[in-house]
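Below: the structure, in structure tokens.
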Amino acid sequence: MNLPNITLADFLPMLPAIIMVVAASVLLLSEVFLSATASRGYQAVLTVVAAAASGAVAVGLMFEPPQEVFLGFGVLDPFSSFLTLVVSVGLALAALSAVGFLRRRGAERGEFYALMLFASAGMSLLAMSSEFITIFVNIEVLSIATYALTAYLRRGTRPSEAGFKYFILGAFSSAVLLYGTALLYGATGTTKLNDMAGPLQQALATSPALVYVGAVLIAAGFAFKVAAVPFHMWTPDVYEGAPTPVTALMSAGVKAAAFASLVRVFVTVGKGMDPKLPLMLFATLALLTMVAGNLMAIPQRNVKRMLAYSSIAHAGYLLLGVAALFVAAPGEHFRLLSASSLSGGTPLDVARSDALRGILYYLLAYTFSATGAFAMVSALERREDEEKGTAWDLERFAGLAQRRPGWAFAMAAFMLSLGGIPPTVGFMSKLLIFQAAIDVGLVGLTVVAVLSSAAGAYYYLRVVVYMFMHPIPEGAQPLERNWGTEAALVIATVAVVLLGILPGHVTDWLAQAGTLFGQ
Amino acid sequence: MSFFDNHLLNVVIYLPLVFAALVLMLPASEHGQVRAITFVGMLLDLVFGVWAYFRFEPSGAEFQMEYRVPWFQQFGMSYHLGVDGLAVSLLLLTVFLGPLVVLASTTYIQHRIKEFHLALLVLQTTMLGALASMDVLLFYIFFEAMLIPMYLMVGVWGAEDRRMAAVKFFLYTLVGSLLMLVAIVAVYFISGGPGVRSFDYGTLYNNLLAANQQLAACASGPEGACASLDGLAATLHTYGPWMFAAFALAFAIKVPMWPVHTWLPDAHVQAPVAGSMILAGVMLKMGTYGFWRFAIPLFPVAAHAARPFLAVLAVIGIVYGALMCLAQRDIKKLIAYSSVSHLGYCMLGLLAVTGEGATGSAYQMLNHGISTGALFLLFGFLYERRHTRLMSDYGGIAKVMPVFTAAFVIITFSSVAVPGTNGFIGEFLVLMGTFKSTLPLGFGAFATLGVILGAAYMLWMVQKVFFGSITHRENQHLRDMNLREMLTTAPFIVLVAVMGLMPQPFLDRIAPSTDRYVARASVGAPGATQAKDDQLRVEVMSLPSTAAAARPSVPAAPLAARE
Amino acid sequence: MVPITYYLLLAAALFCMGMFGVLVRTNALVVFMCVELMLNAVNLTFLAFARMHGNGLGHVSAFFVIAVAAAEAAIGLAIVIAVFRSRGTVNVDDIRTMKH
Amino acid sequence: MDGTLVEFFRTAPIPPEVLSPSLGLIILLPLLGAFVCGVFGKWLGRANVHLVACSAIAGAFVLSLLAFWATSDAAGGRVVSMANPFGLDRDTIRYAIAHDYGTWFAAGDFRVNFGLLVDHLSGILLLIITGVGFLIHLYSTSYMEHDDGYWRFFAYLNLFVAAMLTLVMADNLVLLFVGWEGVGMASYLLIGFWYTDSAKAWAGRKAFVTNRIGDFAFLIATFLLILTVGAFNRQADARDYNAAGSSRARYEQGISQKGPVTFKGLEKLALALPQGSGGAVSLATPIESGPLSGYTFGGVMTATMLLFLLGAAGKSAQLPLYVWLPDAMAGPTPVSALIHAATMVTAGVYLFCRMSSLLVLSPTAMATIAIVGALTSLLAALIAFAQDDIKKVLAYSTVSQLGIMFMGVGMGVFWAAAMHLMTHAFFKACLFLGAGSVMHGNGDETDIKKLGGLWKEMKWTHATFLISTLAITGIFPIMSGFFSKDAIFHGVHHNHLHGLEWVSTFVYVLGLLITASTAFYMSRVYLLTFTGKRSPEAKLAHAHESAWHMTLPLVILAFLAFATFVYALPLMPRSGGGTQPVFENFLSPVLRPAEAVARAAETVKLDTSSPSVGDYAFAWMWALLGGGAAAFAYLKFFPSRVGQPVPAFARAVRRTALNKFYVDELYEFILIRPVKFVAFILFRVVDALVIDTVLVRGTAYVTEKVGLGLRRLQTGDAQAYAAIMALAILGGAVYALLQVLS
């Protein structure tokens, strides 16, 4: 029986994940020796340091040539490394915003950060995985951690309810995903993405139904993780019920990792099959998600919930980019869902790599904007109001500009960025996605996208209106400051503005990362 | 010196931002200092702006004081500044209004003074940037960013109904410009394959030029002659109208043209005096400027096809706006609707596509900035004293505020285009251009009706506000303008006279851009005398590096897919 | 010998049953068990195909699925307990305070 | 006459070439005065303001005198002359001085220059404006002595004079338009001078807006002319230019130097258009290209002239736009005298004299002008019958007199019209100032019914008023008014418009009626005001004569009103043999092109005969008739019937006339109300409801409602969520299978 030769080199790519796991274990172990009253300031610091370290490593790895690791169960390429970077950013910001959050609730425990780290490790690995079982396992790693995080706060009915919904539906969807995997395995006889292309072609001839249904099921499984309409319905409830820092991590990291895996799977698998199917799948999902997400966010007065819907809407824009990956040949006439001949004669591979860049940049942009926004929310909410559900009411933002100009400015920056208004990173990233979509000729979808984002601007602006144009409500409790939150805000704001004006090196990395699926 | 050769425009644009940083460092309680610093900043900016205006050589290249560096290259963008005659004139107008706006707000703005001045300075930067940017996306970025400070200005320091007005203003403008964004990106892609295309105005225009000419040729040809087109021309034939529509909508909302004008009255009425002044003075011009610079030259054929329609809208705007004024009770609303009417003249002059019309339109942009800006300024003074906008609450003001009345009446005459004031030159040229143009005579005739209605409503308002006997006790002891207010008003009155009696220096700078605009717009007009390509093409500096245009990213070797 | 299609159909049927269970049962625990049922249907499919292809991947997968299912069960039961703590019932229909 | 005297008059004290560069000063002085009075007047104090204002006008007068003198300069037998920029080298403009201050504005291939031109026509007007203007300033120093707004008043007055001077000295249409609107603006300010009385302010606005209607037509006409010039340049050939004494090269050079709307250039156009030249372009030629393509040159010219008529009707208070003038009497009386009698209102007549050469190209337009003038004149006269406000009567008589001038212009008797313009300036100014003096002396009483018997108390005023009355009525023939008016009627009678011969007779008959009625109502005013015994309900028991500042101008004006009749006497040799009136001869340099065009185009048959004694007698008879009737009515008839009831029909007629035949009401009803109503409806329905509420807010509303609807799907029930997911998966699977099957 010959053992597969796994060398140390195979572990190098996992370094970011390893760092996170080690840090998590340290936290768990150290927690054991702490008295209930001991100061736990170090935990957040450790988490942030770990995140920073893994982020740095990821940046380093970004310049490694693409290579298979673990016999092709994983892949190290700029794409995955960039995703790891995104995840570590999300993790760091979420951890920072957790400091004050937990302290106010007296719920500082090592597990919390440990779970965050585990989840992030799972995400980083998911981005690398290129084999279905690995993908499934990593999805579960990050999911299980986040289930636990969601229900972390034991006080009140909301966390447990959110946890329950998330868990049931999550398990349900991963079962669906798994079933799809099984079908594909049945059609091809392998679960490694890179080996699949060839067998798929034969399978399409012999048993196409397996392939197609399998693909649909897998797509559904991912659609749940990225909260695409109509698989989005858990999102508002879970986002609302989960502790805000966790929500931040979910909206940023989970989404990013899921998208990474989704793209990796379908681009590789898609090589085998007729691209029409994935195009239609993702175009439809994108359309529904953009429109519904924005429309449903409009009536929300609960900012946290509004942000949940907005994260759905953003998934829609990302899906637009994904759909752009599967345009084979532009059609003659203008269609809503498929491509029209407006494309600029760019070679499709170039266009696709542009689309990938767009997606990646968008993920980074969204991570900064969303985690920043959630950090803001967590800084403003008070536990007493949670049961009443008023903890996140727009009123909490009224007059913020007079009470804490800095915070108001930061929040305004996040809102504008989420709304895609220049000169913020939100605009740049939207621009890149739209650019890619138009390049391949998805003009109809893009028009829908811009119109719905105009509708989106309405509810983002409403927050700004409350912060800047409403008077301070009487009897407003003082807002205590907290180094973690403020650090998170500063980092996020600087990034949002800076990346909006000077994309700088990031775009060069993207130029690398985006070329992964060149053809 | 050599520094200013390259960076003069940068200085003009970012000086307000620098001062914004200074203001940011001041404690919010230091109102006096905040105001002083802002004022100094604006003044300094005015100095540099004037310098730029005089550096501009009417006989020189089309775009001058250019500055271009690579920026966000993989996506075909570069940081490219430059001004032509029109841009530099509007730039002058903007920096001219700057300090006056600060002065006008010294007593009007009483709360959150620091934030206000920050907004003011940032707004200045964005407007100047939009005027000077030569990269379409850069323009778009400034064009959008402009909304934010103005939105805050209306929404925070506005009147009772300010939030509604602010949001309405923002969304209204946003919808249009987002569609334009799609069109911009689309035109960027069709303008050429990877490597040759770029968002730079020059590249974009030159890439489209040949196709536009083909298209124009076949459009004037027999029925279905355009079916045989191929390549870029065919794409333009199919999608050009849509792209033009997107551009036109965005700018028409900004102008605003009838029927997408309804954000303007609300915004104007609710905005503080500074907001109204800037909105009327500069921001509306962004719309006409956009038509002049982007919408019409890039899609001459579609523009030519849409010309009658747009011209009708413009004329409707002129007459309709004037009629609206007759139905107003609210003074600010009246002035706002008068803007609709005046901007109608600008649009008509543009669409006439004659030297006179375009020049008149450009000049009318400046005039409107000055006369309407001054009207809002003066009414602001009145509003500070009485806090009401209804004509019926005034009456007989002339008795207690003679100097104010004199100033207001002078500006009124400028606004109704009495010869000898700046307004006359613009309106006369626009109307003559319209008559000379290929538009039917009726357009000119109807537009000229505005001359009558303009006098009717402005004098009606003056009558109601200033003349007659004092009907309200509150008005009996209004104090006349103080020194500060006079100093703020004086520049406007001086300019009214100067621009009315000696317009030539201003026209000289506008003239070269006018000729080029007319040449480029008439590319789409079959039968019109076509200028030679070397006059049509946009000559701009190229990037120092060769990477001016979007590099196609070479796909790296994909992971071996082992079969 | 039994053709593979039967296994597959059986698995599909199981899967659908699990799915419907998830949709209709009211007791949280039962719902959770239905999810497990779906997972097992997947396992069956994997094994059937493994048999068809004659390679071990299917078996490996099945093992992984079982392992992960155990982990899920742990966390899931914990959550259900938390729910029960907070509201004294595990009836799915009652767990709907957050909506719209 | 003595040769040396002639020599003296023919040598300008300041030679033309020296003077012409400073023509601008004539405008600048009053402008400066206006600026000083307006800005510093408050601090300067009354006396200084008077000094500044009057000396500004005086200076302007002196300069005008010199300029006028220079225009007739023939030192050393060499008549003053200058090269015509539009003509060939030998083609010179004689009896005129001009100076071009360079470009005002230029765009495309259009340009306008600050070009000033003084020839005999504008020279006369310069003298009238500055001369009468000075007298009225002098008069005002006393008339406004009790008003605190004196500095504003004199600022406005100076401003007006400056604008009026611009109007007459402009050598192109656009610059003329500056003055044209400038005077309108000044009159707006002056009519509303006492703005605290909102009725007066409204009158000012009414005047301005009504004038704007005219200006609207004026602008369009200007544009049409510009287009015509362009079309002409495109189509004309050498012969056309030759006929105009020019060449393409010179003509285009002239246009590029001085712009298309210069009067000299238009004159050339007029000379080239008649058929006689045999060139490519004539009145009947259709325009080939450009916006006007399809219309003939003649047609365009007619349209242009009719539009100018509307413009002139606005400024000169003719039908249908005369309504503002009576209300304009709200202004101080000196203003009425200067603006609404002597100068501004005659701008229309000046305009047509200035463009006579173009006007004679279109008989239709001329006929229209003549008829409009005649009708206006008659209507105004009838209204004047019943007015009791002395200023109102004078206002309507002004309208009527302007109508007479228009008749003259319309029938091609430009010189007579110009002369009547001048004489009218004198006697009407005198009448107004007289009325002002009456009011001044009677506590601002304007109702002639409440005056009477003033001849004892206000001797000077009475005497001058009498003279001017005689002058305007022509009851006593040896008066300027009689001659100038009769010159017009004579011309009207004997000139014939091609194809419209009936017009001359028609207009002539109306003219006789007008003569009679003028005589009637003017005599009425005079009799009621000055003769008889003082009315019981007079404000003051005893009127007092005004100060010398006021009487002196009266005397001078009265003298002029009498003396200027000499200009109408046929003393000068006519070029074609025979004699011609002095004034005609004097204006001939200006009007000769018109005659040439008329001759070439055969549109008007200009008659050169001078009226015989018989004609004079006939005209006189009509005047006497009117005067006699008035005398009988107001000396005998009414006094005898005091207290007896007035017959119903008489009262009805009187009421109608008193209410100006309800014309204002008519306008209110058919014009102003509808516009306001439409504006209101558009605002409420289209703007507020349809666009803003339905479309704009509607979109937002619908969006939000849809959002709310979708939100309802979010039931919070995990199983529902799962169900939806399941359905979606099912749908996807089905789609996939369909793909497989297809």
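Observations on the model:
All chains are identified by letter, namely A, B, C and D, in their written order; residue positions are counted from 1 within each chain.
Following the convention adopted for this analysis, contacts are C-beta pairs under 8 Å (C-beta built on N, C-alpha and C of every residue); 3 or more make two chains touch, one makes a residue touch a chain.
For each chain, UniProt lists the protein as follows: A = NADH-quinone oxidoreductase subunit N; B = NADH-quinone oxidoreductase subunit M; C = NADH-quinone oxidoreductase subunit K; D = NADH-quinone oxidoreductase subunit L.
The model shown is predicted, which means the values in this text are computed figures rather than measured ones.
Steps from chain B to chain C, taking the shortest chain of touch contacts, total 2. With centres defined by CA atoms alone, the chain at the far end from chain A is D. Each of A-D and A-B has its own count of C-beta contacts, and the greater count is at A-B. A separation of 78 Å divides the Cα centre of chain A from that of chain D. Each chain gets a centre from the mean of its Cα atoms; for chain B and chain D, those two points are 39 Å apart. Taking each chain's centre as the average of its CA atoms, chain A and chain C sit 26 Å apart. Across the assembly, chain D contributes 700, 711, 714, 716, 718, 722 as residues in contact with two or more other chains. Among the residues of chain C, those in touch with two or more other chains are 19, 22, 31, 95-99. Under the contact definition stated at the top, the residues of chain A that touch 2 or more other chains are 164-165, 168, 172, 176, 236-237, 458.
Within the complex formed with chain D, the chain C residues making contact are 19, 22-24, 31, 92-93, 95-100. Considering their complex, residues 72, 74-75, 112, 115, 137, 140-142, 144-145, 147-148, 151-152, 155-156, 162-163, 166-167, 170-171, 174-175, 178-179, 181-182, 185-186, 188-194, 197, 235, 238-239, 552-563 of chain B touch chain A. For chain D in complex with chain C, the touching residues are 711-712, 714-719, 722-723, 726.
Every residue of chain D that touches chain B in the complex is listed here, in rising order: 38, 103-110, 174, 177-178, 180-182, 185, 188, 192, 195-198, 201-202, 205, 208-209, 212-213, 215-216, 219-220, 223-224, 226-227, 230, 290-292, 675-676, 678-680, 682-684, 687, 691-692, 695-696, 700. The touching residues of chain D, when paired with chain A in their complex, are 700, 703-704, 706-708, 710-711, 713-714, 716, 718, 720-722, 724-725, 727-729, 732-733, 735-737, 739-740.
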